[in-house]
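Going by the order they are written in, the chains are A, B, C, D, E and F; count residues from 1 in each one.
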Amino acid sequence: MGMSNEAREKLSRVSVATITTALFKRGLRNQFIQDVHPLNPGLPNMVGEAFTLRYIPAREDLNPIGVFKDRAHPQRRAIEECPPDAVMVIDSRKDARAASAGSILVARLMKRGCAGIVTDGGFRDSPEIARLAIPAYHQRPASPTNLTRHQALDINVPIGCGDAPVFPGDIVVGDAEGVVVIPAHLAEEIAAEAIEMTAFEDFVTEEVLKGRSILGLYPATDPQAEHDFAAWRKAKGR
Amino acid sequence: MGMSNEAREKLSRVSVATITTALFKRGLRNQFIQDVHPLNPGLPNMVGEAFTLRYIPAREDLNPIGVFKDRAHPQRRAIEECPPDAVMVIDSRKDARAASAGSILVARLMKRGCAGIVTDGGFRDSPEIARLAIPAYHQRPASPTNLTRHQALDINVPIGCGDAPVFPGDIVVGDAEGVVVIPAHLAEEIAAEAIEMTAFEDFVTEEVLKGRSILGLYPATDPQAEHDFAAWRKAKGR
Amino acid sequence: MGMSNEAREKLSRVSVATITTALFKRGLRNQFIQDVHPLNPGLPNMVGEAFTLRYIPAREDLNPIGVFKDRAHPQRRAIEECPPDAVMVIDSRKDARAASAGSILVARLMKRGCAGIVTDGGFRDSPEIARLAIPAYHQRPASPTNLTRHQALDINVPIGCGDAPVFPGDIVVGDAEGVVVIPAHLAEEIAAEAIEMTAFEDFVTEEVLKGRSILGLYPATDPQAEHDFAAWRKAKGR
Amino acid sequence: MGMSNEAREKLSRVSVATITTALFKRGLRNQFIQDVHPLNPGLPNMVGEAFTLRYIPAREDLNPIGVFKDRAHPQRRAIEECPPDAVMVIDSRKDARAASAGSILVARLMKRGCAGIVTDGGFRDSPEIARLAIPAYHQRPASPTNLTRHQALDINVPIGCGDAPVFPGDIVVGDAEGVVVIPAHLAEEIAAEAIEMTAFEDFVTEEVLKGRSILGLYPATDPQAEHDFAAWRKAKGR
Amino acid sequence: MGMSNEAREKLSRVSVATITTALFKRGLRNQFIQDVHPLNPGLPNMVGEAFTLRYIPAREDLNPIGVFKDRAHPQRRAIEECPPDAVMVIDSRKDARAASAGSILVARLMKRGCAGIVTDGGFRDSPEIARLAIPAYHQRPASPTNLTRHQALDINVPIGCGDAPVFPGDIVVGDAEGVVVIPAHLAEEIAAEAIEMTAFEDFVTEEVLKGRSILGLYPATDPQAEHDFAAWRKAKGR
Amino acid sequence: MGMSNEAREKLSRVSVATITTALFKRGLRNQFIQDVHPLNPGLPNMVGEAFTLRYIPAREDLNPIGVFKDRAHPQRRAIEECPPDAVMVIDSRKDARAASAGSILVARLMKRGCAGIVTDGGFRDSPEIARLAIPAYHQRPASPTNLTRHQALDINVPIGCGDAPVFPGDIVVGDAEGVVVIPAHLAEEIAAEAIEMTAFEDFVTEEVLKGRSILGLYPATDPQAEHDFAAWRKAKGR
């Protein structure tokens, strides 16, 4: 099971925007995680299977500072259990008034070989996270400790994140723009299609920057455009 | 286990506002379900143990109209499994763009003897629900079918509803104003305290309507107020 | 052109919720006008072709109190030109800080035989409008005069209203719950289907109120349910 | 100082919508208190001078339940000091997650002869307040005790309420639709103008309900309309 | 018609903030496009006449992926028809859940010599757009293809953008802070006034950075300040 | 009175996130100013006593451009009166549609030796402010002049800012992530505790970056972790 290395590699070379279009063609309109952005936009694409963490609103008596002493606390356990190459996706109910996690946990995730972390809330220690070499996406910085608003509840159940449905094992891709969730069963075909679309978009971009009109070119309704694209692919070896 | 009949009876005679104050005294500030109101405000208090239903954002391919043909669909199953006297509480992620449920399901819940239903989203068929004799609370009407935005996922797990944490078995109380969630282990003492507070508030209200100042009376820092309250209780048998 | 009398009559007897389900089956998920409600919920269904009015944000120098002296002012002209039996739908950009219209204009629309009025902003003179016998839907009351925030711009162009697309000639249906927009070319088939769905829902409601489980009944996956429904239709003549 | 009895009487007979138009003519566009509505819409107009109360966010250590034992607590003091015939206006920072006040305080205000109460947050005990004979306006019900989110700070300073500026002594008018704030120095002239405008609007409404077009009538650009209005006033003695 | 080269040049040397003050003096308070920011803040000012594009919510059946094959599709047509030196302004109803446009279209606009592009929604391919030498302003990145939420409808009609009214031919100015819309008939006088204001602000800034108090200086109520400013202008040749 | 130099120095070396945790341990959950960020994130920590400025919504007749000619205007006076080393905190009611202040005033504050400036609204001239060496925090840029929406009212009264309570004299600390408000009486002990916590967090970060698990380490429930931390402190001299 899981995504092939080939698909993973392809998804590391295409944009989130291109993937959303491939999903749109299949009737999936809500797979983009709304209103999150990367803390460290200079990194390569984030690609990995979703490993989820679900938060509910914190009840004060259940969330004193001492809870983290419990090694079985779901937040801490999730950090140690998230598989290498997986992306941790946190359902923070779009509430960025308190942190979803901080730099120490994100650093641990990075050291464990995980592929990235996403929350629809906010991270604390955001300047430190921005300097780590693991892609991290949030809504806005949130200094107050997690316990102020969030109680970690479940590990690896289906969740919502930024109004997108996320099932464990879905393929999560992030770039400098945002994050998209590809249903697991579609990952291979979306990867293949997105690579093709990217070749065409790269060709079109070159043509447009040379001064060509988009009419007939994008989409390629003019046979000349099809022809030119074929020549371009040959020349570029793509 | 579960709430005593005595506690249930007491909670049916106090206001949600009074209960929130008793919870506040214990450090619990977020047990009021924000931004929901009753469709049928003339009914007696809703009191029951929480039975929860969790929704995530709908993925289009998983939520065609045919899914309800599956008898194991969590939404339909929840309606048939919610225990009599319990309150169904739905985590709709505060999204009222599509329905959490409609009048047929709510009617079935009523016939099964359930105590009420709450969503932080919206109900469809709201005019019909408003005429049923089961308390129902939502944010605003939402005609589009459930599947448009929501996928029922889990039954009876801890959830958030209107920014309040809700654990299965918590005691849910609703009146014409709103809904509050009492942690299960506090139900008996909150019920007892709220009855006492209600007696005092009723006494104060009577005095105020007779023209008495609130200073010294509410709270009763003036010994005369304490004295008068004792006399009032005796006279009223409360 | 336009809707048949038969379709109009059918649509006056079904709920907005039922219509949204029929549209959902055809892949249309955004035809419900979000976050509007009727000022006068006791009236019969509103059914009519959409006649639209588009507002943009008001520029102060173009919107002094004197503009209404111009008989060609689009707001006033729209009120006089909206065809009888049509529904005026106003794109107020979901901004209810100033009025979309007031009771005098709505009364004029009523006298001219129009079928209703909808704005995704607010009406002023809302208590007076609530007493008129023409269905009117808005977000919340808005006393400030239209000119404070809105400039009427266009008559009968495609618009957005409450996040739904509305094309002139689309069929607009409102009930005590809300408003839905049926694409013109689907009106006849949606009307026919909704009548059938309503018969089934009425049957199911009766059964549920008698104590029957929804499993196998709603949807009717149990052949007995199909059989009972057929018998019910015969008995009811529906 | 203060408003004349004549102005008060006039303002009790005009609508908030009409007053906002008179203010608009003077360049005042933001005097309508946004997003509040009456709990008891059947009462006569609320008219009175503004007496203000300012809240800031509650700091937990300063707001234990015991603070109300202090007779000098600004919230309690405000209730006892608001002058008869004045309207208490509360700046709750548009935060309805906790109560601005409850039924006992509102009842006391009523007994003291105050003219009404307005908050841009919410009241608790809203069903009880809805039964009192004092106009009360809020955003939505809020059961949690005041101390949960609000600390009463200042009495009778200039505030914002629902995005409108409110200065102590301004004239506050409320009807079944909403609340408007008239700068103190304009009260007499606005009252006079609004009475005139109301006469004209009543005339227009009658004409429109008889079937007359609004073109030339509203506004009265047609000399016939002027003429008919003069005749109407004479006949009605207005 | 249109703006003079002199005005264009002046507007390229003043800030959006200064322009909003000049507009405020003329009673125009809503000409700043709210909540948009530049993707490429290092570029010179954007100055150009508004060329508008209006979107409505997408209806699914009208917006399959194939629509762009139509050369007359308003979005694609707008990109080819926007005059050189003009600014394309898109009314996306403040909805950034799907893209208003992507990097290929923005690149084409750049190559055609247009002055910039503004949406109150979001762009896709935002990292690529950030590297183009054409000013682009949006609310936040939005990867999903345009068709997911938006249908391009009208070209060069008056629109709202970020709560500001925009008429075709208005002068649109953007800097590293934001975007302002100058009514066409005011462009020359605003340009002239803003240049003067900028000289004074530059003088004041220098003085303040030398340690001078703002009292009497800003505004220049102290005759010495007027005097010093005159000397400064002379010295600077401004 | 006031904070010791030692506490100020300590607070300049710890993060806002760490301080929020120390406050959380004392039951203070709302001291983080929500949704503001630094314009100039590369500066050292901002630390100073709060000096507050309160705005209310602008009434048009009271806020013509000429008001700033009055040297006693609260906004201008505040800029000249804010004590050196203090942080000016502005209650802009979270409204960023018009500016809280601009670069000239912020520059003056810097020259006067003030420690920083915070608004829960927005600044104009934000690119210029971003180049000043005084920490400044806001929600988002806001070009329109202050008078468009805000009237400066009060100096140095308790206020709300970004949903946090701020009392004059409270200690305000800002870093590249955000701003926290420490109640004055807690400043010394929070500073001391935060320094200790920071040492431990630095130790943990080093260990985690070496590959160590967080279980037993963070928090240090494993005696080995305590031991290692003691050794680390010794080695580092902290």
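In this text, a contact is a pair of C-beta atoms (placed from the backbone, for glycine too) under 8 Å apart; a residue touches a chain by one contact, two chains touch by 3 or more.
Remember, it's a predicted structure, so these values are computed and weren't measured experimentally.
Q: Among the other chains, which touch subunit B and subunit C together?
A: Both-contact set = D.
Q: Are the two sides of the subunit C and subunit E contact the same residues or different ones, given that same means over half of the numbers occur on both copies?
A: same
Q: Please compute the C-alpha centroid of subunit B, do the same for subunit D, then give the distance between them in whole Å.
A: Subunit B and subunit D have C-alpha centres separated by 32 Å.
Q: If you average the CA atoms of subunit B and of subunit F, how far apart do the two points sit, in angstrom?
A: Computed value for the inter-centroid distance: 39 Å.
Q: On a C-alpha centroid basis, what's the spacing between subunit A and subunit B, in Å?
A: 37
Q: Residues of subunit F that contact two or more other chains, please.
A: Residue numbers touching two or more other chains: 29.
Q: Return all touching chain pairs.
A: A-B, A-E, A-F, B-C, B-D, C-D, C-E, D-F, E-F
Q: Can you name the residues of subunit A that touch subunit F in the complex?
A: Touch list, subunit A to subunit F: 65, 68-69, 71, 76, 79-80, 97, 99, 102-105, 107-108, 111, 124-128, 140-145, 147-148.
Q: Please name which positions on subunit E make contact with subunit C in the complex.
A: Spelled out, the residues of subunit E in touch with subunit C are 26-31, 56-62, 93, 95, 151, 153-154, 157-160, 163-167, 183.
Q: Taking the complex as given, what residues does subunit A use to touch subunit E?
A: 15-17, 19-21, 24-25, 29, 32, 34-35, 37, 41, 175-178, 180, 201, 204-205, 208-209, 211, 213-216, 218-219, 221
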